[in-house]
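In what comes next, subunit A is part of two complexes: it sits with subunit B in the first one and with subunit C in the second one.
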Partner chain A sequence: MGQRRRGAALNASSQTKCGTPAEVSGRKHNICMVSDFFYPNMGGVESHIYQLSQCLIEKGHKVIIITHAYGRRKGIRYLTNGLKVYYLPLQVMYNQSTATTCFHSLPLLRCVFIRERITVVHAHSSFSAMAHDALFHAKTMGLNTVFTDHSLFGFADVSSVLTNKLLTVSLCDTNHIVCVSYTSKENTVLRATLNPEIVSVIPNAVDPTDFTPDPSQRQDDRITIVVISRLVYRKGIDLLGGIIPELCLKHPDLHFLIGGEGPKRIVLEEVREKYQLHDRVRLLGALEHKDVRGVLVQGHIFLNTSLTEAFCMAIVEGASCGLQVVSTRVGGIPEVLPEDLITLCEPTVRSLCAGLEAVIVRQRSGSVPSPASIHARVRNLYTWRNVAERTEKVYERVAGEEVLPLDRRLRRLRAHCGPVAGSIFAFVAVLDFLFLLLLQWLVPDQVMDVAVDATGPCGLWTQTPNSKEEIHAASAMRGSSGTQSSL
Partner chain B sequence: MGPDSVPGPAVSWRKVLWERQPFPDNYVDQRFLEELRRNEGIRQYRYWAVVKEAGFVGQQLSCVAIFITLWLYMEQGLLSPEMLLWTSLISGLLGYGLHQVLISQEESSCEPRTRLADLQSATIFLSFTFGFSPVLKTLTESVSTDTVYAMSAVMLLAHLVSFPYAQPSPRGSLSINAALFASVCLASRLPGALHTFAMLSCALLVFALWPCLLQKIREKAPSHFTGVCVGVCIIGVGGLGSQSPGGAILLALALGSVTLLCPLLLVRLQRHKDNIHGPWDEAEIHEDLSRFIH
Partner chain C sequence: MEDEAFTDINGKAISLDCQDHSSFCREFTVSSPKVSIGKVMGYTCSVWLIAYSVFFFTQNTAVLSSAIVVTLVGMMLHIHFVKVDHESLLVIGSLGIQVSYSYASGRETTTFIEMSKIKDIVINEAIYMHQIIYYLCVLLKDPSNSDGVSSVVPLFQSSKPRLNCLVKVYKSCQEILSKC
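Coming up: the complex of A and B.
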């Protein structure tokens, strides 16, 4: 396939007016982040994509984000620093994930990839059908691909057998995979039967300036345990429902502050009702990201009862606010914080109660380190700049690799994914390629306009277009790309 | 550290993220996957033990055959409803006695059901069935006979599929409902109202009470359990053979494959089992947490 593209030569309309480093410091990448999960949805994947994109823009790369339309939020939007987000009109099927037919998203995605002169497609989250679609089409178009897996998955039940097979198909010819913890890497390597050499571990990060301690917010006549998580089964809320009465009966000065919403809220409400703990267990409901710190600093101890977790940003946020962290020993959690900053327990009520009581005793005797000292230690552990640097190295490596041409891709699929699934998806890959040829015949790549590169701290988005070429390009984009507005 | 950076000096790698280590991000240590555990807590099956358990499935299949045989006899007028009622009554009383003997062996802490309560429910059920049997008789008159047979077959199959073989004591409601639905369908094609009543009482005996008794035998007298199962299977095949030899051969083949062939397959395929566990598995809550709420 000869449609392999390199960004540097084609950066025709990119801004060089105020000396963006795009052409100063050698070749930079044109990166396209794809995931079903992005703002206005909130969560770990969403903030990861946003923060990583911002740091990559800061480093002089061009970054755009593709997601599906969220309600009335559709078309193109710009975020801080000219980060362009495409909200594509694709049908949402389940849990904010789009439906997939392997084909229907190709025309739209091809259009975006070509107009934006994309060189690397970076898909996020194995639950996102759009991410897998984008990987598939990007490989057909001869683009380099990177995939980040944010979650853990078991092997035992039927649904995981099926999804793991799909992941095997999706990742068998992806250039590089990123996982957020070593446990997550082991999990992904097993699920997708990958060569571990092409899987990098790059942890998530936390913005330390958002999570600073403030001991004056604590009430010293009591000990407050803070829990901030979605109230769902996987977060171990049933365990929390057992811990609350056990500890509240023993320690009359113990208070719980619980932030988050979800179907398991009823469990906590029943416990509160039965043991008459209305004044000591406060359920705050759903919290906005900006309010999280305000809740965290009121507590002495941060409790996490998750049953499975790939990385767990919540405990880092808790420690960053200077709290003592108590957590279950599951998934990648033991890798996240040094032993002296976290108390790890087994996922049982008894073990968690024992761990919490040990911390309560230490808290009473005043033998715990001060919030400021904990914050100072955690502050530099996980930063987005570091994440961006390490991800950049992945892009460097990937850019030097070749994308498998169709014949070798088919052979890889059949050799790697078993005779049945491999043959089916090899057939789908051929159809995808034919569809691409048809689209190229209908609208050749050369006649597609190049989108204006507005990214960067002094990119076009801060200026008024003044050359004829730019006006033409900008109006062309406005004409054909739906609504356009800035945030 | 990006992928493929130069590995540092002889520092040993640690599985932690909070420490910047002199290894590339895609570094694969020798300890990679060391926490992987295979086939944890797997059960090793022994062939004859599995065959014995599969006997329960076989006898349930035979029970359905026996019921159909009885219905065939009734339909052809070879068996009078009075005869069936008396036999049912006697075998019901015998079974009830046996059940009482088996129950009396266990020291249960909870209050057992009294005989009076048992008599009460038996009376209620029998009188209602007797009273409604003329209605049940004409219930499916407007439905064609083929449809009734097809429906009965499907329902009996559903009964067999959904029967809770592992723990039949609190009986699965779907399986018993399917069986009774099939019995009503079949009974409504019999010549008289008394026939319908006899058939339904018999269905109650075969599909509702017999599994209870058999479960008690399995718990209390496991040595006799196999004998009972084999006996039921022989009666089933023999009874069906007297009406339709072809059906009897099919039933015998089905019984053979369910009780002998399938266990063999299970034991053979067991060695291909490859189940992996590791730190990424979702933790399971084994405690009973409902005590905190209720």
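Coming up: the complex of A and C.
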């Protein structure tokens, strides 16, 4: 008892100490981002979570990230600005996604939600089993939930039918869903049979300072087409294999620069071999993110041949570097850039060739806008600050909503997800609730220590660096790598 | 000072005793409650009940005698190797840190870490079983690299006090460490 009172007094004192910034700019949230995909894994979802978290911290919210352990990287780590990352030791099953049993992750997730005083759980990516688990447990614990979908799915084959059903179950009582483009929103609403009113569209962003044009890197005696994507079927590499010989025959000064790695590399190598284009088609292999700009600025035209895409970051990066963009008209791509900055084609070799030739003719006649002017227009289109502002509005809205109590949740599951799947998952939800009660009896909430707040307005990292605790906190973090095994 | 009620991470009461031997020598003792009679009775009863039910079906008296041996040996091993009554941390400025465990049977183990090997004492977080806990640990210097940490020695491993207790120990340890 005495302890609880003391804890309350401690909280009160810390609030008075740093309560002013929070009061000025409205209500602040404790946000927990959950996804299987985070650094050291590389990709779009990972950088999205990282950049969004950094901007939300800047706005004064408290943000933590939960992901699964990557090799020896497990336990608790801190990133820039005191962004805390929990690498939980859960078993990875397939493609960096954890196995799901609906229950085994509850004790650890509950512990994190309680000790960090989480108010909003934000899960990312429909491929991530951990994200769905966290949504499920958060709803059981009565926390508000937000989900961001980063990809498009089909409806026809067996695997998509199954994943769509799971998504329906997972999202039917989630408070709010965020999609990256209007096409992606349509897709998600149809797949998960959602009410479109609870789905928001917040596009991705690029860091415009990373992608600045540099025309001096271009070689003016030739025209270079840059392609940067993973070399996989989804990215339309077979189309690229058809385009290269056709255009290279017509235009002797045309060069291709292709960055990326993947199973379809063999297609491009065959084309290069067959038409003797070794000096004109360069395959750079896998590129690190920091090298992408160096490749982009060497080109005049950026080509994207994707067959499906929710929101194409690559074309924004290309345009930001001042390149003419030619792309296929699929998925969310037509919404991404204004019409005069992009040439859209059908996903066929003939249409793409026609589009590219039109751009080449314009490039030769010099009637294209200068790289600097393109950059100036793209620079303010997609920024992370804007994304964070819009996400903040979603949190505001969600925080005002109530979380369905168990009985209404069960009714909703049965009404929304069909009689069989609905009943099964209603049963699972009841079991999850009972398991939660058991855990609350075994380890009561008040026994768990509240985590020292490292981020946000009251964070230790934002205070003056001469305080001793902070230095020790920092050294504790450095020492945290080997500690888990020793305990 | 030691009247404050501390608990361990499972909510059981523990007590912290701070002794100032001099301005640069301080001893912290964390004591957990003794083995309770009820708990011993409970375990013994459950082992014997299982043994009797097995005996009821097999009619083999060896089961009963082995149950007695198992309870006795188990209890002895428990108090000799598992159950720690007191854990103490003796910090002597400029000399080092001594960590000693005294088990319920009276056995004591002591380890000493020289000050030249110690980099710092910090509070760290770790995932322990199905919980995430704070613990106090000593960082050891890496001999090849003056900034590096070669290994970590966790303190109060068996009693596992909660954060408020750890913060108190940490602060007074830092007072002594900062003097030397």
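The rule is simple: the second predicted complex is superposed on the first by the 431 of 487 C-alpha atoms of A that agree within 3 Å, B and C clash if a C-alpha of one lies under 4 Å from a C-alpha of the other, contacts with A are read in each partner's own complex, and residues count from 1 in each chain.
We adopt the following convention: a contact is a pair of C-beta atoms (placed from the backbone, for glycine too) under 8 Å apart; a residue touches a chain by one contact, two chains touch by 3 or more.
Quick caveat, the model's predicted, so the values are computed rather than measured.
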Between subunit B and subunit C, point out the one touching more subunit A residues.
B
Quick one: classify A:Ile76 as touching subunit B (first), subunit C (second), both or neither.
second
Considering only the touch criterion stated at the top, classify A:Gln440 as touching first (subunit B), second (subunit C), both, or neither.
neither
Quick one: classify A:Glu197 as touching subunit B (first), subunit C (second), both or neither.
first
Applying the document's definition of touch, where does A:Cys111 land relative to subunit B and subunit C: first, second, both, or neither?
second
Contacts of A:Thr383 with subunit B and subunit C, given as first, second, both or neither
neither
On the A-aligned overlay, A:Gln298 touches which partner chain: subunit B = first, subunit C = second, or both, or neither?
neither
Which subunit C residues qualify as touching subunit A in the complex?
4-7, 9-11, 119-120, 122-128, 130-135, 137, 139, 149, 151-154, 157, 162-164, 174
Please name which positions on subunit A make contact with subunit C in the complex.
2-3, 6-7, 74-76, 86, 88-89, 107-108, 111-112, 115, 443-444, 447-452, 468, 472-473, 475-476, 478-480, 482-484, 486-487
List the residues on subunit B that touch subunit A in their complex, please.
1-5, 15-19, 24-26, 28, 32-33, 35-36, 275-287, 289, 292-293
Residues of subunit A touching subunit B in the complex:
152-156, 176, 181-184, 186-187, 189-190, 196-203, 234, 236, 238-239, 241-242, 245, 267, 270-271, 274, 307-308, 311, 328, 330-332, 334-338, 347-349, 381-382, 389-390, 392-394, 396-397
